[in-house]
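Next come the structures, one after another.
Consider the two complexes below, in which chain A is the common component and chain B and chain C are the respective partners.
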Partner chain A sequence: MNTLFAYSLSPSSALGSLGLLLALGFALLGFLLSLGGGLSGDVRLAEGGRRSAWAVFLFTTLAVLVLEVATVRNDFSLRYVADHSTTLTPLWVKLVTLWSALAGSVLFWAWVLSLYTFLLSLVARNDVLRPWVMATMLFNLLFFLGINLTAVNPFTAMPLPPSQGAGPNPLLQNNAMMAVHPVLMYLGYVGLSVPFAYAVAALASGRLGESWLVQTRRWTLLSWMFLSAALVAGAFWSYEVLGWGGYWAWDPVENAAFFPWLFTTAYLHSLQIQERRRMLKAWNVWLIIAAYCSTLLGTFLTRSGVVESVHSFAAGPSGPLFLVFFGVSTLGGVILASWRLSSLRDPRRIEGVLSRESAFLAGNLVFVAFALMVIGGTLFPILVGVLTGAQSSVGAPFYDFFAIPLGLLLLALMGLGPLLPWNRQAKVWPALRWPLAAFLASLVLIWALGVHHLGPALTVGLAGFNLAGLIQLTSQAARQRGGIAALPGLVRSYPRRYGAYLAHLGLVIVALGLAFSGSYQRQQTATISRGQTAQLLGTPVRFLGLSQRQDPQRQSVVAHLVAGGEAMNPAIRVYGNAPTDPVATPEVYFRPVVDRYLTLLAYSGQGNWVTVRLIKTPLVSWIWVGTLILLLGTGTTLISGKARELSSQAASHLAREGA
Partner chain B sequence: MTTLPAAKRRPRGGLKYWLGGGIVLGALLYLVIGHLGDNLVFYVTPTEYFANLGRYQGHLLRLGGLVEPGTVHYDPKTQQLRFRMTDGVTQVTVRYRGGVPSMFMPDRGVVVQGRMVPGSHTFLGTQLLVKHSQNYRPPRPGQTSNYGYLLRSTQP
Partner chain C sequence: MSRRVLRWWPVALATLIVLALAYGLLKPGQSPVTPLVGQTAPAFSLPTLRGGKISLAALHGRPVVVNFWASWCVPCQQETPTLERFAARYGKQAAFLGVTFSDPVADARRFVQQYGISYPVLIDHRSDTAINYGVTGVPETFFINAQGVIVYHAVGPLTAALLRKELARIGVAVRPS
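Entry: the complex of A and B
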């Protein structure tokens, strides 16, 4: 801390630290004012708290800008810049250096959190909840800004600045996804603090009605969108860069992003039951607490080194602090919830077994069970370590064992839910007839076509079930409005419903991609002499020769091959700042049906031979395309419809209540 | 909250539901725990393996150590690789078939996933992972390697 304001040593360090310190001061002030406003109901206090959030955002932004400018200008008087950048680093890599290592990533986290707090302070409804929401957000900020100034400070000065920095990890500068995936991840992760803040506000103020849910639906959907995009962008990155032809390995770091997604997906569905049927109030609060706290657990896991992972951050002094913050938030949430929710009773119970709410509830239970299993598998090695002292990890077969059946169950419920009516014990057979026929037809067809793995075959069957259901629902609605021409109008009137259908369609496509790429990947490795052709997986692969390429920051050896008539040029790159760590750079040809993926594994110095691995994976691109459709659908649900849908629902509820 | 009428007690199904739920949950838990144990991959150095045979024998392992210089035999035609791995104390012969990443070099850290041939010092690898950071310091003779660090800096 004695170097905090060593202006003569490093102006960047002093300015950045000053920004963080002021942000911390305003966060503390704002937290106390908001808390006071919430407790006393004094509008002036609450207003002061709200405006403090603007100052917090301003000064955190200043700190981020200082770090960005220092990186771009090669200011090695900052330890962070000296450790993670070089003068030769391309500009785009310099710009993303902010989140490529521990200290900067925590600063970026704090900045995203301050951004969300700022936006909330502008758009949050002026009600009893607002001061509590601001207090919760600012409390979060206190923690992140606090550890940024102490345990993981990106503004630590270097007493003797080196003339050249150590530079970024080679893997991180090898693909542009590095600029995209972490940003999406943080926007999603941090965004979940908004519904959590509203849940805390609802609990603290005792206003547990639908108001907090209605206000957080968009925030949650937005975070969920970012989280979904981030998960798939990470998978895409893994596929494009790492050269193993896969995209998901059940690594603890991947799991840490996945279980909050599961909790949030469950919440997005169960909040509809509360909106429509005013049930599951307590369940919703618990779900959002679980979703948010699981992001903190994930942060702790990826930043403390307690679990062995191929791509976690270096273990730093911040690990125990994250654990403490996870503990405080979880305990706080649990205590608040058990105190308030014990007095809560839902006015209704689920009546029909075959009703939409029971399908939603069943889906919820599956999502939660799924999340708990993933958390269990991720934490189990810690238990083993504590009990026996051995280091271990849980292999992918454990996860596949439950992920495949649970995933299929979710796919079935996803198709079933929209077909069933709310509440009523009406006849459901007419609605299910065609979808069930489609299920059987697609199952028989795909079996006849030679797909005899149960997982992919059932996925195709359930995809047929889902598609038939969605087509039936849409065409029925269109017919009532007078034909297919009415469809755009329908979508405009009910963006939530048709957005959800589109999102489901996207998920069906993703599910097919996952099922087939997971079951039917094939690979073969061969060493080929120059001018020779080898048969790999039935494709002739000819090796033409090697070439070299020199860039300022790296050197590449490129192998020129022709695979099945197409030129493919996989490379091995060596970055100047890590000469002993070559990075394989596969060449991937994305295809609608089977991707072709070629990795250069080894080569002789004279260019006489190369060892290459050819990987053929079916339907991988369906995952990327399906995700885009999913995001488009989710985006559609964010549009305000003609509020009629909800108000007419509410009116009919009231009418029935009165009767 | 005070103005609300007293909440009605929900009718409870009673003991049989709890019992049924308990049995289902128990069965599920048993299945999961059993499966977890079978699917554990242990991270060990050769010395740790031989110091605790009872625990590690027969399990899937990620064996970590250094590639001993002068012991690497690789035939690019058949893709057969054989080398000796050392952690400073114990040596193990590793056999592996497949492409060898360009990062695989003598005196560098390496992690091989596979199984030990029982009662021998031979390890049959199925997957080769090579260390991926310049920060890793090789262990000095007599000192076992820092496995956690080795693994964290390793990339498939």
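Entry: the complex of A and C
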């Protein structure tokens, strides 16, 4: 606690701490006012709470700006800047230093949370839930601002500022994804606190009507979109930088971003059952709570050092605090839900076995089972540690064992769902005929082409099933409107439906990329003398020579090679602030069919020889392209999600409740 | 069980998860106490990467640092430059030994070349030595004093601070850096 009032000597430290302190004060005020407004129904209190959120946002923004300016101006009177930047650091790295270490990342988290709270205070419908929603958001902010002022303060002053800083971690300054992946991740993670705040509001106030779930749909979709983009941006980063040619390692922290995504994906689908058929309300609330609590679990895992992970921040005093917050939020949410939801009964039941809601529900169960398995695998080493005291770890084979079958099952349900009608026991055969034929045809074709791994072959079959289904649905609708020219109008009228189709198309492409890159990656390592050519995976690789390159902050040794007629220049970089930690920087040629990936592993000082590894991975680009299509589709559903798509019955029900 | 009790199962589950995490976080020390600490180090005689053999018995009278590693292990890549620096500095007073763990010889050799490891690296073909030492993963490092007694067992990557402290405990005159 000795850093609580870290004002000594440094103007940046004083101004930043003051900003945080004022933000904390207004968060406390706003929380109490909102809580009072919620309990008493007094509009003036609630309004005061809402406006406090504006001040919280203002002062948190001030703190962020102070830290940014201090980093850019090499103000080493702040310990954070002295520890994580240097005068030689390029400007873009300085700008992202805000989230490149523990204290700054917590500040950035608090800022994103205050931004969401601010936006929510502007657009949230003025109903009985709003004070409770604001109170929940501000309670969250209390925690993040509070630890920012105590255990992990980015504004701690250095009594004797050094003339040079220690600088950022080499891996974090080696790729521009550092500016993208964490931001997307925080926007996604923190965004899930909005639906959670609504769930808490509904549970606490007892107003468990349906309108709030629908209100949170766009917030959830937005967070989900950021989360999806963040996961793939992280995978891309890992692929491009780390030199092992992979993009996903079932690392505990990768998992921690993945299970909120699974819960949220499930929720986005079961929400539609609730909108259409007024079922599964309790289930949806549970999914929201699970999604949000799993984001807190992820935050705790990265910042406590409880599990071994590439993403870990240096272990600090914040671990126990994050655990307490995780415990309070999780238990609070779970107790509220157990108390209120047990009396809830859905007014209807699922009637048709082969109906869209049953396909959605099956998909939901698979998503939740998937998430529980991933959580289990992530926490297993800790549980084993508790029971036996032994250290252990859970590796990729465990995850692949269930991830591949469950993924295939999801791919099948994803194709099936849109083809089935809501509720009715109608004849489904006409709708399924062509997609099933496409499934068999693609399966036979790919088998004949020599793909005899069951996973990739079934993925191709199911991709055929999905594509045929999407084409059939779209062309039928277009034909009814008078041909293919009607398609743009159709998309404009039903953005949610066609956005979802587009998102599904993107996922099919991603699935193909995952299946083939996962099963057919090949690699070979060789040492090549200067002027010589080696055959690596059938590609002639010729080593021309080494060159040195000196930048202010780093030194690079670049190997010049020609692989299959193309110049490739993988490098090993040594950053001035971490001379013992060389970073291999592979050269990647992205190709539609097979990526070519060359890493420099070792070299002789005189440039006589190099050791390189060539990796060839098929269809890995499809993951990146598919994700872009997925995001485009999600964006389409977001822009104009109007209620006109709802059945008239549900719409009138909503209107009644909203009034 | 009645419905009233059943409805609280999510609370019980959440509590269990939180408690397990709390234990994982707060349990004392990251290294398990090995029964070998305080015992005579198990003998070994293993071939080195450069040819020849080294046995622990032959080093009797000198402090020994035995580091189990593998080229595929990421924390080993982290610790190796530090260990090499200390080996270069204190190699006269203590013997530094690397032992490969489940690693093809070619890969190990490449790793040695890449990191410029100067201390001897032993090949533990059937992991007999690793089993004798109760190694559960890599990296793990044993600090053995001149009397041949294991003084400390480090699990996870070595740091300069830890090396300085434990080298002093096995009788190396550590100079301030």
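To be clear about the criterion, the second predicted complex is superposed on the first by the 635 of 659 C-alpha atoms of A that agree within 3 Å, B and C clash if a C-alpha of one lies under 4 Å from a C-alpha of the other, contacts with A are read in each partner's own complex, and residues count from 1 in each chain.
Throughout what follows, contacts are C-beta pairs under 8 Å (C-beta built on N, C-alpha and C of every residue); 3 or more make two chains touch, one makes a residue touch a chain.
The structure displayed is predicted, hence computed values, not measured ones.
Partners chain B and chain C, once the complexes are superposed on chain A, run into each other and clash. In the superposition on chain A, A:319 contacts chain C only, with no contact to chain B. Of the two partner chains placed by superposition, A:447 touches none, neither chain B nor chain C. In the superposition on chain A, A:379 contacts chain C only, with no contact to chain B. Contacts of A:602 after superposition on the shared chain: both chain B and chain C are touched. Once chain A of one complex is fitted onto chain A of the other, the partner contacts of A:611 extend to both chain B and chain C. Legend: residue contacts after superposition of the two complexes on their common chain; A:54 is shown touching neither chain B nor chain C.
Of the two partner chains, both chain B and chain C are touched by A:581.
When both complexes are overlaid on chain A, the residue A:434 reaches neither chain B nor chain C. Applying the stated contact rule after C-alpha superposition, one finds that A:335 touches chain C and leaves chain B untouched. Residues common to the contacts of chain A with chain B and with chain C across the two structures: 308, 310, 390-393, 525, 580-581, 601-602, 611. Across the interface of their complex, chain A is touched by residues 1, 7-8, 10, 32, 35-36, 38-44, 52, 55-56, 60, 62, 76-77, 79, 98-103, 105, 108, 129, 132-134, 147-148, 151-152, 154-156 of chain B.
Put simply, chain A touches chain C in their complex at residues 286, 293, 300, 304, 306, 308, 310, 319-320, 323, 326-327, 330-331, 334-335, 337-338, 342, 379, 382-383, 385-386, 389-393, 525, 580-581, 601-602, 611. Within the complex formed with chain A, the residues of chain C that make contact are 3, 7-8, 10-11, 14-15, 17-18, 20-27, 32, 74-75, 81-82, 85, 110, 113-114, 136-137, 155.
Of all residues in chain A, only 169, 171, 206, 242, 244, 305, 308-312, 314-315, 343-345, 349, 373, 376-377, 380-381, 384, 388, 390-395, 397-398, 401-402, 525-527, 572, 578, 580-582, 584, 599-604, 609, 611-613 touch chain B in the complex they form.
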